[in-house]
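Everything on this sheet refers to the single structure shown next.
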Amino acid sequence: MRKVLVTLFLSLLVISSFAAYLGEDATGKKGGTLTVGTLSGPRTLNDTVSKETSSSDVITMFMGYGGTLVEMDENGKFFPAIAEKWDGPRLTKDGGMEIIWYLRKGVKWSDGQPFDADDVVFTLNDIYTNPDIPSSFKDILESTNGYLPKATKINDYTVRVYYAEPFRLAFRYVGGMYIFPKHIAEPWVKNKKFAEFWTVDSINKKEIVGLGPFIPVEYVPDQYVRFTANPNYWKKDKEGKQLPYLNEYIYKIISSQDAMKLAFENGEIDIYSPRGTEFSYFKENEKKFNINVLSYGPAFGTEFITFNWNNKDEAKREWFRNVHFRKAVAYAMDKKKIIDTLYNGLAIEQWSPVSMASPYYNEKVVVKYPYDLNKARAELKLGGFKWDKNGKLLDSEGRPVKFIIETNAGNKTREGIGNILTAALKQLGMDITFVPGDFNTMINRMLNVGDWDAIIIGLTGSDEPQGGNNVWAIDGSLHFWNLSPEVADWVDPKTYKVPEFEKQIDKIFKENVRILDDNVVKDYWAQNQKITSENIPLIYTVNTLRLYAWRNTLKNVKIGLLQGTLWNADWLYKE
Amino acid sequence: MESILSVRNLSTWFFLEEGVLKAVNDVSFELAPNEVLGIVGETGSGKSITVRSVMRLIHHPGKIVSGEMIYRGRGREEDIAKMSDDELTHIRGKELSMIFQDPLTSLNPLYTIGDQLIETIMQHQDVDRTGAWRLAVEALDKVQIPEPEKRMNSYPFEFSGGMKQRVVIAIALSCNPKILIADEPTTALDVTIQAQVLDLMKQLQTEMKTGTLFITHDLGVISAMADRVMVMYGGRQMELASAEDVFHKPTHPYTHMLLRSIPRVDIKQDSLESIPGQPPRMIDVPDVCPFAPRCPRRLDKCSKELPKLDEFEPNHYVRCFNPVEPGGDLYV
Amino acid sequence: MSNNEVAEKVQNNVASKDEVVARVVNLKKYFPIYKGFLVKKRVGDVKAIDDISFEVRRGETFAIVGESGCGKTTTARTMLRLTDPTDGKIEILGTDISKLSREELLPFRRKMQIVFQNPIGSLNPRMTVGQILTEPMLFHKIVSNQQEANERAVELLRMVGLKPFHMDRYPHQFSGGQKQRIAIARALSVNPEIIYLDEPTSALDVSVQAQIVNLLLDFQKNMGLTYIFISHNLSLVRFISNNVAVMYLGRIVEMGDVNEVFDNPIHPYTKALLSASPIPDPAIEKKRKRIILSGNVPSPIIRPNGCFFNPRCPFRMEQCDKEYPQTKSISENHQVACYLVDKREV
Amino acid sequence: MGLVKYIARRLIILIPELWIITIIVFTLIQLSPGTFLDQYRLDPSISRETLQAMEKQLGLDKPAVVQYFYWLGKLVRFDFGYSFYYRRPVIDLIGERLLGTFVLSLYSFVISWIVGVVLGIVSALKKYTATDKILTVIAFSGLALPGFFLALVLLYMAARTGWFPIGGLYSPETAKMDVWSAFKDIFWRLQLPAFTLTFGSFAGLMRYQRGSLLDVMNEDYVEFARAKGMPERVVIYRHALRNAINPLITIFGASLADLLSGAVITETIFSWPGLGRLTYQALLQKDYYVVMASTVISTVLLVIGNLIGDILLAAVDPRIRYE
């Protein structure tokens, strides 16, 4: 155990040695305004309330980037930020773990108030782990057995964060948490009105205070949010110039995608995320519009078809639990066709529950099921299925294989995937009905009612596979295909079964976070990817590529495996 | 006495998509001052279009295609058919007035009775508003509207049907026109109210010596009002004579049959004569007798050519190849 | 009660040699007037029919005359139970139908038909003549199948002077007179015994009016139909009907044999109506002295005291504005509600 | 006196009307599948406990009837409640967008009425001529062309020519301008969305005005006015037109309610800050109280609009009394 700890410590130390912080090597010109488009405006500036990117993008500007304890570069490497250095994570004598954060001295909030350890302690103890303040971040912070971290102030610039058990992700999550200014937020917490803290009208009241590079100062509903450079931002560039370079930053709310595209062409906004159908148009006109157009690695989200193992129909339960049946469906998923016809080629086949952009992705162990209907038929035979004289697929007891595939109407690519898959399954002799329906209704039936057979749907993801705990844990609330009777009361405990491989996956999710050696963690995830792809409870489709376009006048743009155009907003500049 | 209005060879047609509706064809008549000329006929006989032509109230797609209408009320011969719009506004309402069938809709619902009267008076007479007000009250008084001063400020909806028609008459007669055209003025009224209005009209006509064209389909009403009667059918004059001659010596088979087809209140009749068939639609009709298809006295040539309007007896004009002898029998 | 005498007479009229097919006894129809905000209060009634009694014998034409608003159309509608009576009896073929339910009314609906004033409004423009004629027959099960219904419809068309090929046409393809013929054929299609004729010729041209009147009279003679004829045209009433009731403000002021009433009217209102009806003869018409009534018919909501007619009556006497006059018989078939009757006897 | 009493009565009747409408809308929202929290259920980072805590925090754990009366109780004190989504009072959200909606609606309302009525009159007076036919074609294309399509075409035109900005009411530059320049800028930005709305709505008014005037031109009193010797100008403007306007007054009153209801599609395409977008998003996200508030406002406006229409009608038509 000690060896593990030392390794981790060294590796972190090595990273922090070649650059003191992100942007230290940056060069650029001061001044200028960057305008970015967004489809809808922020709903709130309170990170515990915010659920959608339109809000969190705004919050990140004044709480994120250089405003967190540590930050990550475009390739997933951690750099010191507000925390100059740290000790740990390391095990403690009582079987728990701790991280000691050494805070940068002389950092000020944007309103000029000094920043110190009290702010960090307050944020962690009184906000994110406060039982009265529900937030998704609180859920994330929980360790395997449901422990939450506890922060203690050692001195004004040193904070100890303690967990009652080892929790690998503590470094990442605590290091990346948004820090609230205690001098402003404390009364709201005390009055138990924190949900109403920093609503969008706080911008115009000039109440927003942060450690990040840009502070929102003006908000016109449904029109724009204007940020100005934080005068007290702590970073300096190579030449000692104070960052951020940009004076002003504008989120322009352009509510239709068509208008957004035109606004980018016309130069009203500087950055645009083209749709798949627009990518080649912009690529061809790079010179004309004086822009850069780029596609980069796959996005984090996943999309898949899943089956209801607890279907009220016994026959369906048996098919869906039959791994050969699922493999047959996997072989029938024509991913190449999906990429060509639905994504204009701008996607990659997905095989693993771990995102390809994640350092834990391991291509070698993943079992692939390239489109092949003959193999699919062979799998069906192995699974005890047979065909009648008309070519209809029957199960071992002679029941015709007939079920419904659903997806949410309006999502063009999912509808397309449904059609392509349905056509292939029909060739296998299955009697499939494909029904696109209302999203909310479908989710409700999927989780709370249970009257479904198969659904094509997607989940957001991240580079950290543990983020899927809620999906993969046996008692996870998004363990759709085989929901535990404790989670969903419609599941009949008498027919509910947990196969061996699910127990193994569950164990991986429970145990990996207790391990602090990254190499061991990698092995765990390799194991996980192997088991999952062999048993494919979820049959993945494809991963879209991330598409970017930005004006040539915008400099220092660095797109990497994990980050897009704005992660280094503090040292972007305009010519 | 010289007639005040001579209508000669008047034809008014409507140019519809389905063809030319020959509503009025070659109609000629004279109207003496102080005379009531009754025009009777059924729906579509052309009686209304005839008098609207005289008022020049024919709108697209209708057109007065020929004829002249000589007005002699201002000491000279003026052809109404040739007047400009501007001249028409001076003659209408002042020299020639018109009353419409439905008093309920003849008055503008949004203006007071007074407004509508004064408007007319000020248009045609050289008086200020006070003078016009006084004349308007007089006009209302003349048509026996009680408390005329008070009623000046009433709106049409505050009047009953009979009273409204009195107001309409007051407006029409407010500038002492020489000719009054009354297009079925009492058809929409109840029988006792009709009697009141007819009585009033007759009285005013006698008093003001207005030459009147009185249109109706009711032979009873025409008996009460008209000095001379013109019978129209299918856009043409069929018979034109004194009221006594038309009623007692009907010469055209149509007039003859019509008189025998209507019931009377004063005697118990054994039977009514039916005129078989339907009145004609006047679209693209040839120049033949329009009554021929329904006529029991039809000759071969009736369906081939048009009989002339002949003076059968002095001042008794008939358009027929085979007229009924005076006092004679219809069927031969 | 003012009309008791007639009511009694009507009720006791068992000895009559002619069968009474319709009898109305003390019939009332009030339309309440509501006023007020949120809570509506009944502030008065429009007394459209106020205590009328009469009887109609088989094969006769019974005319109800009067001016607009006198209640003649409401009488027909109430007798047909198109509207429910406020009070009184409506005996049709011996049964009081005034309180029957919808289903119980059905056989009576078949036996009573109506021909409206405006043939355009009373024929469904989306149905062919064939459908218009066969629908009621099939509904009332006069015929057993569509083919039989069609055969009968063709026969009816022939009877009203139309041709079999007219079956497939729509109402708008006919002239006014022809439409009224179709309406009559429809009324006849269910073998009715009583037909209500609500101003059936007033929308028609003079030359066509006689056709329809003659057609109606032929049917009456051949089929023994009873007509209840609603009209304001006294000339037509005189020609068509046997008996006549003259209504004024919801009451019958004079009633009896049409010739007797018209040749020898007692009530000043009847006199005025007759005098106002023009005669198509200039020789008579120009010499005639008319009784010109002053003023208009008063509102049926606020009726004059005493005899409703007294404010307009040229023969008004002292008692006229005190009490409504009793209805009295002046001959076997002639009743009047007027104080002049007493004077006449004196 | 009659007028004041009449208005008072109508406004009192508004209360039960409003009550019934809120019940209907609330029931419909409850009956439609899903709740506000559904959009979070598929997020792997949100635990069931958090969802339950949010449910409690937002009062969504209580029975619908309780939620309704809780809301109604606040409404009586003119409190429209809190938005789940923004965690702000609904009244603030609406207030922020009121001006944008009102400017756009009023501007296009005024223009479409002026254009619609004037062209309707022209079209009626020039009945069956080439002018009438051309106007009819324009009117029908206005009725037939989908708003979003026209909006997109205009947007592309604006982008290609650069004559108009791509959308929005204010830009960050607007804030820095002096009053007159800001006014000009906003006026300029108003044109495209206003044109879209106007083009879709003037046509109906024009056809209505045309039909109404043609109907009146056939009335006896118009002919009688001519027969009295009135010049054609007086006949048309004094006698025909005043009567032909009346039916439009009713429509005018009813359409006042649209002034604050917003136009979702136009607002979205032109990025206009408006109540339409707010309500539409609230409806999709089941942000009940925003939807309810917007319903209440629309209802009140509808009733007041109708009331104004009725009062105007009574003012111009002597036959109508305040009953």
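A, B, C and D label the chains in the order they appear, each numbered from 1.
Simple rule for what comes next: contacts are C-beta pairs under 8 Å (C-beta built on N, C-alpha and C of every residue); 3 or more make two chains touch, one makes a residue touch a chain.
Here the structure is a predicted model, which is why all the values come from computation and not from measurement.
Most remote from chain A, judged by the distance between CA-atom centroids, is B. Chain D has the C-alpha centroid lying closest to the overall centroid of all protein C-alpha atoms shown. The distance from the centre of chain A to the centre of chain D, with each centre set as the mean of the Cα atoms, comes to 41 Å. With centres set at the average Cα position, the gap from chain B to chain C is 33 Å.
Centre-to-centre separation of chain A and chain B, using mean CA positions: 91 Å. In this assembly, the C-alpha centroid of chain A lies 86 Å from the C-alpha centroid of chain C. Contact residues on chain C toward chain B in their complex (touch as defined above): 67-68, 175, 177-178, 205-211, 213-214, 232-236, 238-240, 259, 262, 272-286, 290, 292-293, 296-297.
Chain B contributes residues 55, 57, 60, 85-86, 88-94, 97-98, 100-102, 105-110, 112, 119-120, 123-124, 155, 157, 168, 171-172 to its touches with chain D in the complex. Note for the complex: chain D touches chain B at residues 127-128, 219-221, 223-232, 234, 239, 242-243, 316-319.
Chain contact summary for the complex, chain D toward chain A: residues 33-34, 38-50, 53-54, 57, 85-88, 92-93, 96-97, 100, 152, 155-156, 158-159, 162, 165-172, 175, 267-274, 277-278, 281, 286.
By the touch criterion stated above, chain A contacts chain D in their complex at residues 33, 40, 43-44, 46, 49, 51, 134-136, 138-140, 142, 195-196, 199-201, 218, 220-224, 226, 248, 250, 252-256, 258-259, 262-263, 265-266, 268, 438, 440-441, 443-444, 447, 457, 459-461, 467-471, 477-478, 487.
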